[in-house]
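Shared between the two complexes below is subunit A, which has subunit B as its partner in the first and subunit C in the second.
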Partner chain A sequence: MAEQKARPDSRAGPDNAEPLLSLKGLTMGFRTDEGSFIALEDVSYEVPKGQTVGLVGESGCGKSVSVMTAMRLLPSPPAFIRSGQVVFDGRDLLKLVPESMRHIRGNRIGMIFQEPMTSLNPTFSIGFQMREVLRIHRSLKRKEADELCTDMLAKTGIGAPAQRLKQYPHELSGGLRQRIMIAMALLCGPDLLIADEPTTALDVTIQAQILELLKELQQDLQMSILMITHDLGVVAESCRYVYVMYAGCVVESAEAERIFSEPGHPYTRGLINSRPRIAEKREWLKTIPGMVPGPDNRPPGCNYAERCERCTEQCRQEQPQFVQYDHKQAVACWNPYP
Partner chain B sequence: MTDREPLLEIIDLNKHFYVKGQQRPVRAVDGVSLELNRGETLSVVGESGCGKSTLARAALRIHEPTSGRVIFKGQDLLNLSRKRLRAKRKEMQFIFQDPYASLDTRWPVGSIVTEPLVIHGAGDYRSRQKKLHELLELVGLDPTAANRYPHEFSGGQRQRIGIARAVALEPDLIVADEPVSALDVSIQSQIINLLIRLKQDLSLAYIFITHDLAVVKHISDRVAVMYLGVIIEFAGVEELFSNPLHPYTQALISAIPRIDYRQSGRRIVLTGDVPDPSDPPSGCRFHPRCIHRMDICSQEQPQTLTLGSNGSWHTVNCHLYTDAINL
Partner chain C sequence: MFLFLAKRFGASGLIVIGITFITFLLSYFIPADPVRMLAGRSATQETVESIRHQLGLDQPLPVQYLKYLGRLVQGDLGRSYKQKTQVAELIASRMPATLKLLVGAIFFEVLFGIPAGIFAASRRGRKADNLAMIASFVGVSAPQFVVGLLLLWVFAYKMALYPLGGYGGLSHLILPAVTLGITGGGWYSRMMRSSMVDVLQQDYIRTARAKGVRESAVVLVHGLRNAVLPVIAMIGMDIGFFMSWTVVVESVYGWPGIGQLTWQSIQVIDTPVIMGVTLVAALAIVIGNFMADLIMPLIDPRLRVR
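The block that comes next holds the complex of A and B.
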């Protein structure tokens, strides 16, 4: 194990590629009627140019909140940012005026959401919703816009794209809608695509299609992808580098291959072991006892201490520091697996 | 096939929905035959809209089937009067997917769990309270849970409440409709282990409905693969995963994203979506998406072919296979 280093050194990407997006020590929370609480604690991660990075964790761990904050999509109040930076291509997004933020959102950073059912407006045609993106970010004639939309739909593998533009979301299946969301996110040729659980609502055969499609599009368009998911299988298949989040903190970051063969954090290991595997037969699944602590009752020490099999006295008292093993792996744990 | 006594036999079951303004019915379940032994777990897998939930619901007459026979412990459920059926329901219970929607938010947990006992007039108040405590302990909940309300519990705990309710009447058969898919990964394994333990302790049989093949591989004895209302392949779990015959099953198994991806081999990516069930393709319903499609596939519906002997019994509906094949 290498010497201890401070957190911002946990650089993503095996070849230390230049980061396109980096969150640096982001701490934020929400003010509610019952008091305020911290949702993200000192969260740092990086997405290098042209690579796919995974952000994994269970519901409520803060993975979606971190990108919503980065994209400035959370209304304030109730959300507040205590400290940290979100650097995209050399600029801190948190400091931008709303006008310049709008030039980035949907233009240089595309987003796809989990629910293709609810993220399309049911009262407008697909064509209208796609052209809207171009109307805001590009000044194109209607005909040019239509051409670009059909091209992009065709690129995502949608048959009869010109007809699709006239259709409404309810006329299309879940897989088609997700393809349309992807096409829409890619219309302006973004440098970064944020995919928030892009395949969770879909069937496995459709999921395989969408993952394959994202892989192809990434190679064609040379973009970076931040893949948010709770499915470790999806990470294994699509990401080069992975960040694992638990209860508002990043607890481990590593190369995808490394994280599955030698997980350092007990939580990462617990997550991997609790999934049944096709290749082996076990009578009982390994479990992680207990539940994730809510944001309003996180312990003073490590958030995972209560559920951890390697918990020590120090874990209950003090928050663990990020330890850099080498450039391939970093773990926030007092007592990690070697 | 084993020579144990079948608990449930489904014979040529049909459930057609008639939609207003549409000539043709939606054939959600179309001529399905299955059987389930005591103490066995039968998984029904398939993509959304393939009819797997409808199959289970029609078999237990939650939805009245259009035709067919369902023999449960030697008795045809479809011939029973409403009253007799209701009494019979004691022996078959449901666990639902959404632990948020399947519990009444205005009832304390104690009332939710003992409701089946009240409905079926089992015991008096005191014996029911005693049973309640046993049940809560059985599913790993604190006895104080009885006086609290569903909103005070997490998803995993709510699913435990639903399970306690399902086993309250000591049924022989539980239909679990996607019982873990709404839960987080670390909680899923807790619930799966609980279901396996209950099966052993209470000698339950499960019909397990899910789209998660890794869970299916772990929990099942036998697996039926469903596509557009039809069972296209049915086999023991080891047999099915090591030797999938139908091209759809092969694609499904290869499509599972895996952690051990280096060993997972080549992926078969299917093109297209599941077709509209009110207007299924002619012949084999899978043929428009099939990579091995032949001329006959669009013309003739494949018959169910039984292959193998006792050890590796296996049925498949596909034109690729003929009686000549020996497994």
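The block that comes next holds the complex of A and C.
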């Protein structure tokens, strides 16, 4: 990891900068016909102003569910919230009336998703879908709105932006569609962009372009980004601070370079070791054995115990507490790597 | 777009030719000898043979079919055995009544079915959804003559709001159209609901919500435009089915449409009329589908390219 130079500025810790978004002890779950189960357990994380924070973990660990809950985009029922707060700019989003929440979505918080191919409505033109955001949150005349949309499309590196407004999603490639999603999410100049696996469905070359674009736009627009990903490469590329989630819990949080140099939680270490590296010639990639326990059969102790190489009897019986190492790192493990 | 139309039109033409062949075979397989029916019971064998020759029914099947096609092209559907008039005239005289009923019935089907389906889908799994679906189930399973007689009894007999059946203007049309609207609207609401439930789970609906779109607009703008396509296809089919589906309602209300004509001619095995009505009903299905094919690309741009 030669490019992972220590950054001189270490204000990255969540307790050093004023948080824009903070989840505080969020516990929620779903009610189904077979009974209810807890999906997120005491999840807390913070996104400071103007920074990029990563949320990492395998599929099904609750990354997306945590932001969907924060944005109140999960239908309830089946979703329910047991406890916790989602504080955005001093207000608890979970307590807002639906109408106030609607004015935050797309306006102060923009979102982009993993599936650029299906995230745009196939029956409306790009222009309609972009203008709609401005119609809801700003009262602009059609001509002004069109100009703003063209500008934003140009900013995301899309050629012939005025023509794109007349096109339909099925006429565009996945990379273009994701750029349009980004442009649409940024139209109102949000304070926070939630990027839910923004590059997972794209070609590797397009992935790099999109990440680069997000970086530029962040500096341009002075916004915060919450980057959800299972790809540690994306974290290394763009995040300053990282939260690692496993089976509905945050298990480690640390500065990005610390995560790679001294991962504390065995799960984090497992994730890092299972990345392919060209320098080492190995026939097989390292994997973490086993699977994430489903929300309906989590063990009494540490959720990772079954798959952990450092598991002890205590791990099986008691849930580990979150231990703050210093302002740069905290780990929820009975037996962390030193 | 022109190519699309031309292709669609060509396909419809092929289907129509296929239909004429089937209706022609129909006449051949109906287990009644038209010549015997014309000549009467006491006719001699010679009279029967001469009538058979006059009608051209002694010629080989392919020749008969080609002659039948030739007459069709000239708009000649043959003569009714019973009523001694041209089948084409017979059908034409019934057409206005059927078209009126068709427009009225589809209006009420759409009016009852589509809002109920949208409403149920947007409250999926809750009480309102269950209530709407029970209502639609009652509509789907209630026999037309029961609904028809019930409406007639309440609104025409007891409350005397509408005439007790018969053919006429709007006041005559409402009860039969509502009867069909109730029984058919159940199907529309079910189709609308399942299509909308499916659409509301799509990623672009999540995007719309994340943009801050009002929930009503999420469903009625982003959802409906995608979910309405199968319903439009169904209306297209319905236009055809209405030529034969309305028999019961027409009898209950004494409505002189194609349905009654069909029923009467089946009872006396009036083969030319049966053939004519079958052809018209099949044509109506083709036309209905063609219209749906024309409308759907206006709603979904993905259908415009092909």
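We take it that the second predicted complex is superposed on the first by the 322 of 338 C-alpha atoms of A that agree within 3 Å, B and C clash if a C-alpha of one lies under 4 Å from a C-alpha of the other, contacts with A are read in each partner's own complex, and residues count from 1 in each chain.
What we mean here is this: a residue touches a chain if its C-beta (ideal position, glycine included) is under 8 Å from a C-beta of that chain, and two chains touch if they have at least 3 such contacts.
These numbers come from a predicted model, not from an experiment.
Enquirer: Quick one: subunit B and subunit C on subunit A, clash or fit?
Expert: On the shared subunit A, the partners fit.
Enquirer: Is A:T287 touching anything from subunit B or subunit C once the two structures are fitted on A? First, second, both or neither.
Expert: first
Enquirer: Does subunit A have more residues touched by subunit B or by subunit C?
Expert: In the superposed model, B touches more residues of subunit A.
Enquirer: Which partner does A:Y168 contact after superposing on A: first (subunit B), second (subunit C), both, neither?
Expert: second
Enquirer: Quick one: classify A:A236 as touching subunit B (first), subunit C (second), both or neither.
Expert: The answer is first: A:A236 touches subunit B but not subunit C.
Enquirer: For A:G270, select first, second, both or neither according to whether it touches subunit B, subunit C, the two together, or no partner.
Expert: Only subunit B is touched by A:G270; subunit C is not.
Enquirer: Is A:I104 in contact with subunit B, with subunit C, with both, or with neither (first, second, both, neither)?
Expert: Only subunit C; A:I104 stays clear of subunit B.
Enquirer: On the overlay, how many Å separate the closest CA atoms of subunit B and subunit C?
Expert: 9
Enquirer: What part of subunit A is in contact with subunit B in the complex they form?
Expert: Where subunit A meets subunit B, its residues are 58-59, 173-176, 203-209, 211-212, 230-234, 236-237, 260, 270-272, 274-279, 281-289, 291-292.
Enquirer: In the complex, go through subunit A and note every residue touching subunit C.
Expert: By the definition above, subunit A touches subunit C via 71, 73, 77, 98, 102-107, 110-111, 113, 115, 118-125, 132-133, 136-137, 168, 170, 181, 184-185.
Enquirer: For subunit C, which residues are in contact with subunit A within the complex?
Expert: For subunit C paired with subunit A, touching residues are 125, 202-204, 206-215, 222, 225-226, 299-302.
Enquirer: Flag every residue of subunit B that touches subunit A in the complex, lowest number first.
Expert: 47-48, 154, 156, 184-190, 192-193, 196, 211, 213-215, 217-219, 241, 251-261, 263, 267, 269-271, 273-274
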